[in-house]
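Just below sit the structures, each encoded as structure tokens.
Shared between the two complexes below is subunit A, which pairs with subunit B and subunit C, respectively.
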Partner chain A sequence: MTGTASRVELPSGIRQHHSAPFGRVVGSELGWVLRRPRNLLALLGLAALPVLIGTVITITGGPGGGSGLFAAVVGNGMVLPVLSLMLTQNLLLPLIIAMVAADGLAGEAANGTLRGLLLAPVGRVRLVVVKALGVLMMVLLAIGVVVLSGVLTGLLIVGGDGLVTLSGTTLPLGEALGRVALAAGWCAVQMAAVGAVALAISSTTEHSLLVLIATVGALVVFGVLEAIPSLDWLKPVLITTDWYSISDVLSDPIRTTDLLSGLWRAGCYILLGFSAAVARMATKDT
Partner chain B sequence: MRRRNIALTASAGIAAGALGLTSLALPAGAQNPRLPQVSADELVASVMESDPPALAGRVTVHNELGLPALPGTGETGELLSGGDKSLRVWYDGQQRQRLSIPSGNGETTVVDDGNTVWKWDSAQRTVVKHPNSEETEVERPEPSTGAEPGEIAQRLVGKLRETSAVRVDGTASVAGRDAYELVLTPKPDERTKLREVRIAVDAEDRIPLRVEVNANGSSEPALRAGFSELSTGPQDAELFQFTPPENARVRTAEKPDTTKPDTPRSGRSGITSPRIEGDGWDTVVLSRLPEGTMSSPSGRKTDDDEQRGTGSTGPRAMAERVGSPISGSWGHGWVINSSVGSAVLTSDGRVAAGAVPQQVLIEALRDS
Partner chain C sequence: MSGTADATEAGTATVPASGWDEPEPALCTSALRKTYGGTVAVADVDLSVPRGAVLGMLGPNGSGKTTTIRMLLGLTEPTAGSVELLGHRVPEQTGRALPFVGALVEGPGFHPFLSGRRNLLRCAAMEPALFGADVRGAVQQALERVGLAGAAERRYRSYSLGMKQRLGLAAALLVPRELVVLDEPTNGLDPAGTREVRRIIAELHANGTTVVVSSHLLSEVEATCTHAAVLQGGTLIAQGELKTLLESGGPNLLVSVSDNESGLEALRQLGVPARVEGGELRVELSGTDSPEVIAALVRAGVGVYEARRDRAGLEEIFARLTEGET
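Our next item is the complex of A and B:
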């Protein structure tokens, strides 16, 4: 938990001009993220989820003609990774990402180690970049685990070669994997947006729990706002608006409209969150 | 000093992010284009003469008809049940076309490859095959007949002028394309719930791009169906082929598909059994449900949306649920009102519907 601080020497009175090598600082941060047992447990849980869904659907034969992606998974394994992403990105992935972002700045502040970092010969922008990279790595890891587990479960347990798209066309395995990669990339951008905002919240507080509550709470509130018809005008601003359109990668040709607007929105959130985190750190007194 | 610069830059970043988000919420402010003047007759004639080009586009249906949600009406009902729906269309310029209609997290795809119409439902994983293709026209402007298009146009406009004012009212920008707005307004003595119908016609290709139906007492269109994206040009031939996936159930339909998602302007044709009372905007369609049948015949599907209210499954049960009971010298029944029309189903199985207030329907029922 003492994080990066223990790795970086404190300056000795005189301001040193050579700062710690960037690669080493990043490596140390990533190492810390990976060494936290709760992060590893989270990844393990994520890996289990697609296996669980795939197995249950294969055993029960699916929801029997219901709507949604669940019905599409039966005998059509390549849908499973996308379904798993769709199910996890609503709360589970944001929760895990917020957890890492909370450890990054608020956790360090709570331990008193952030002060050391702020005094250390690491620029403040750099410090936020390093923390952001830690969050980003967790985003990629988490999504990678879900997708990998989903693809393997899809191939081994659910079965089916290639992908029957929602439009009824059949894609060969290679192209199907391409679609899955597309969904994963899109989801990564969305989750990076959540991470950036969580990091911004994390920079303002020293209570890790607050970061979790604020991030996940905001997502829940967004979901509620979306459901109120008279607040339709608010929808374009809510990050969650297009999250269900991740299944659009499964239609043929791909429905791009919502995916692209989702990307633009996530980009805005990333810029917003990262800038806010930098602004807060730059003005923070030690 | 350096820190202040960082803080300033970061603030600029926050502002830029916020601006980017608001740009999503703001409607794209397209200016109405300047186009050479054209008369209504010329415009209609050019629409009839033109063949729709090969195109790919997205059609968005915005609907505030005030219709109750009707169970069992399939994707047509879903398209009409309020809110925004969008479907994608492809057309190869001759006869082959493809539609894809999202539903929930699934999709319904209709492919017309020239000989066969395939309808794929991703939720049920079924493919329905219709060997002859004639029912899936969606974006065809007018049913093309053998006669001279200019003449038909004149006759059509002449006919329309008997009951409405037809004029070209300015221009519009639809899906990034310049368009003329053709406006039909009912004459004052027409007893209708509708205020006007606006049709945006592409200035270049002369295909209808958007239809807006405005009802009395509302400034927002009750129904707006039109392209939100459109690109013309040759389309990939593979789009118009369909091979059923391996584990899908394939069945061949006996009669033509009636669940086609039609835009409100597909022609009123082929109705034989129902009786038409009146003409123009206050036309009332009178019909009788077959004895004892709870599902209605497909022939009554016309462009009046409210008819679907009494259309699909269990008309009586549905009318009891969504309609309000009325009675008079003509009998007893249920009325369903929407912002653009009304429908009455009587307890003895008679149906009257039209884009009219319910009094007109009741008069028609009394006279029948």
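Our next item is the complex of A and C:
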């Protein structure tokens, strides 16, 4: 019977569809990210951090003077979520984001599961989009957890009525929450930029650890470069340049210059990182 | 792809209808080549797999079997040459062919922290052929088919090698396929598991699915395949129907006699090539036939206890083919 045309009975739907419904693929990806024990542990740890900071500051009475956010948070609970974001976005958040991005492509390649996805088939470009959405969800969740825990701790433990801005004015609670949301959104864009670059690195290797080292290592190097005065001209291209200006949302009125330039820069990183990931995946051996 | 004559044929679920009279092969490559730096992994392979065939891809480790398969499925880009998978060019149109292809390549790949069922559900979510409620049913069916239904809720981490291999098979068989590609499917399986794989391949064959199995176990191929392709050092040194390949070695007669020396002498006088092998005479039947050989032996006063025809085994053919190359 060899050599004859096959008569395999196939489901009729297969004739019209060359790929699975996008929503289902994304849903499966998000479920996969959330089922990984270490991702959940990371979120749990992030939730604990603002509680820890708030409690310590309340008990010890803060650094006692000074002008930073640490000093401002004493008796001024709504500063806590912003302070927590600023403290985590330097290393902890990028580490967690890079971890998810590393699992996304490098980890899947190492497991042999990337092959399975491509053979299903999930198109190569589509795959990067799906993976990017997975990373983005983790960015939003991580930041959401920090902010939520920060706001609750701020209200319940640190206390304070409304928000005393860094400029000395007092804002009502509603507006204060708006400022916190603004900080969270801004931070999410920065972390999305980190995620895009991490995903690009992830597409070039099958060693997850390498993705973590490269991503976090780059941020550390950026920090060092920033600290060298004669390298000031480099600052416009360093993603970390404006990261401390997240506290600008707490001045009254908001100082927008650095926040905006930070947004532009993050946008460029997102574009570059995502395109690089797509370009690499398009021809990658899996 | 187009043309009115094909419209009727397309109704019978062949993909896609070809413009030729000859049924189009499920898979064909021409001058397929892959080099890594200076190393040639696959050299100018012209492989053709007819629809409905079960092709055994044979070759020692490192002969290019897996690299060839990876190029067939669009996982690796060829350095040169072309691939047509179910009538679609690879890698440009791989996505059009892959929904009809199930594959287990380079061992099973799953996530250790998920259960067997969760892993399969994840694969099923990416299958274009499954809709809504079908997903769970297809997963359950696939699990039962490979005998994993009882261990479905256990984490993949805790699976034995054989169970992992079974789960890999289940993923390849989630939906009915036109073509199933299995790279070393019996790795790590016990004899019962190996038999089951053979049964599954036979089922697929009966349903008209084309199957490509790569293996370095010759007996496995001999037992399950209709066609064979032999790779050696990245070169395709033989391909065709298994029957033809097996007969190309020429038939032999194995005779158990009372006295090997006088038996050999008698056959030599007759001009029939023979040699002693394992305490028996192996007689080549190229210019004569069995009754003549036995009569000659008896005439010479040599007692014949047993005589049986021996088709050259795949192992022998394989040895002969690969020896010739080196």
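Convention: the second predicted complex is superposed on the first by the 267 of 286 C-alpha atoms of A that agree within 3 Å, B and C clash if a C-alpha of one lies under 4 Å from a C-alpha of the other, contacts with A are read in each partner's own complex, and residues count from 1 in each chain.
As a working rule, contacts are C-beta pairs under 8 Å (C-beta built on N, C-alpha and C of every residue); 3 or more make two chains touch, one makes a residue touch a chain.
All of these numbers come straight from a predicted model, not from anything done at the bench.
Undergrad: Looking at the overlay, what does A:283 touch: subunit B (first), subunit C (second), both, or neither?
TA: both
Undergrad: Looking at the overlay, does A:118 come into contact with subunit B only (first), subunit C only (second), both, or neither?
TA: second
Undergrad: Output check: A:272 vs subunit B and subunit C. Expected answer is one of first, second, both, neither. What do you get?
TA: A:272 contacts subunit B only, not subunit C.
Undergrad: Is A:244 touching anything from subunit B or subunit C once the two structures are fitted on A? First, second, both or neither.
TA: The first partner, subunit B, only.
Undergrad: Looking at the overlay, what does A:71 touch: subunit B (first), subunit C (second), both, or neither?
TA: The first partner, subunit B, only.
Undergrad: Quick one: is A:36 in contact with subunit B, with subunit C, with both, or with neither? Answer first, second, both or neither.
TA: Second partner only, subunit C.
Undergrad: Determine, under the contact definition given at the top, whether A:24 touches first (subunit B), second (subunit C), both, or neither.
TA: It touches subunit C, and subunit B stays clear.
Undergrad: Contacts for A:207 in the overlay, against subunit B (first) and subunit C (second): which applies, first, second, both or neither?
TA: After superposition on chain A, A:207 lies in contact with neither partner.
Undergrad: Enumerate the residues of subunit A that count as touching subunit B in its complex and touching subunit C in the other.
TA: Comparing the two interfaces on subunit A, one with subunit B and one with subunit C, the shared residues are 283.
Undergrad: For a test of understanding, state which residues of subunit A touch subunit B in their complex under the given definition.
TA: 65-69, 71-72, 74-75, 86, 124-125, 160, 164, 166-170, 233-234, 236-237, 244, 247, 251, 253, 255, 257, 261, 264-265, 267-276, 278-279, 282-283
Undergrad: Per the contact definition, I'd like the list of subunit B residues that touch subunit A in the complex.
TA: Subunit B residues touching subunit A: 3, 6-7, 9-14, 16-18, 20-22, 24-25, 58, 86, 88, 100, 102-107, 109, 118, 120, 122-125, 127, 229, 239, 242-248.
Undergrad: Along subunit C, where are the residues that touch subunit A in the complex?
TA: Touch list, subunit C to subunit A: 9, 12-14, 23-24, 26, 50-53, 70, 73-77, 94-96, 98-101, 103, 105-114, 118, 121-123, 125-131, 134, 171, 175-178, 207-210, 226-227, 241.
Undergrad: Over in the complex, which subunit A residues touch subunit C? Could you list them?
TA: 1-11, 13-14, 17-20, 24-25, 27-28, 32, 35-37, 111-123, 283, 285-286
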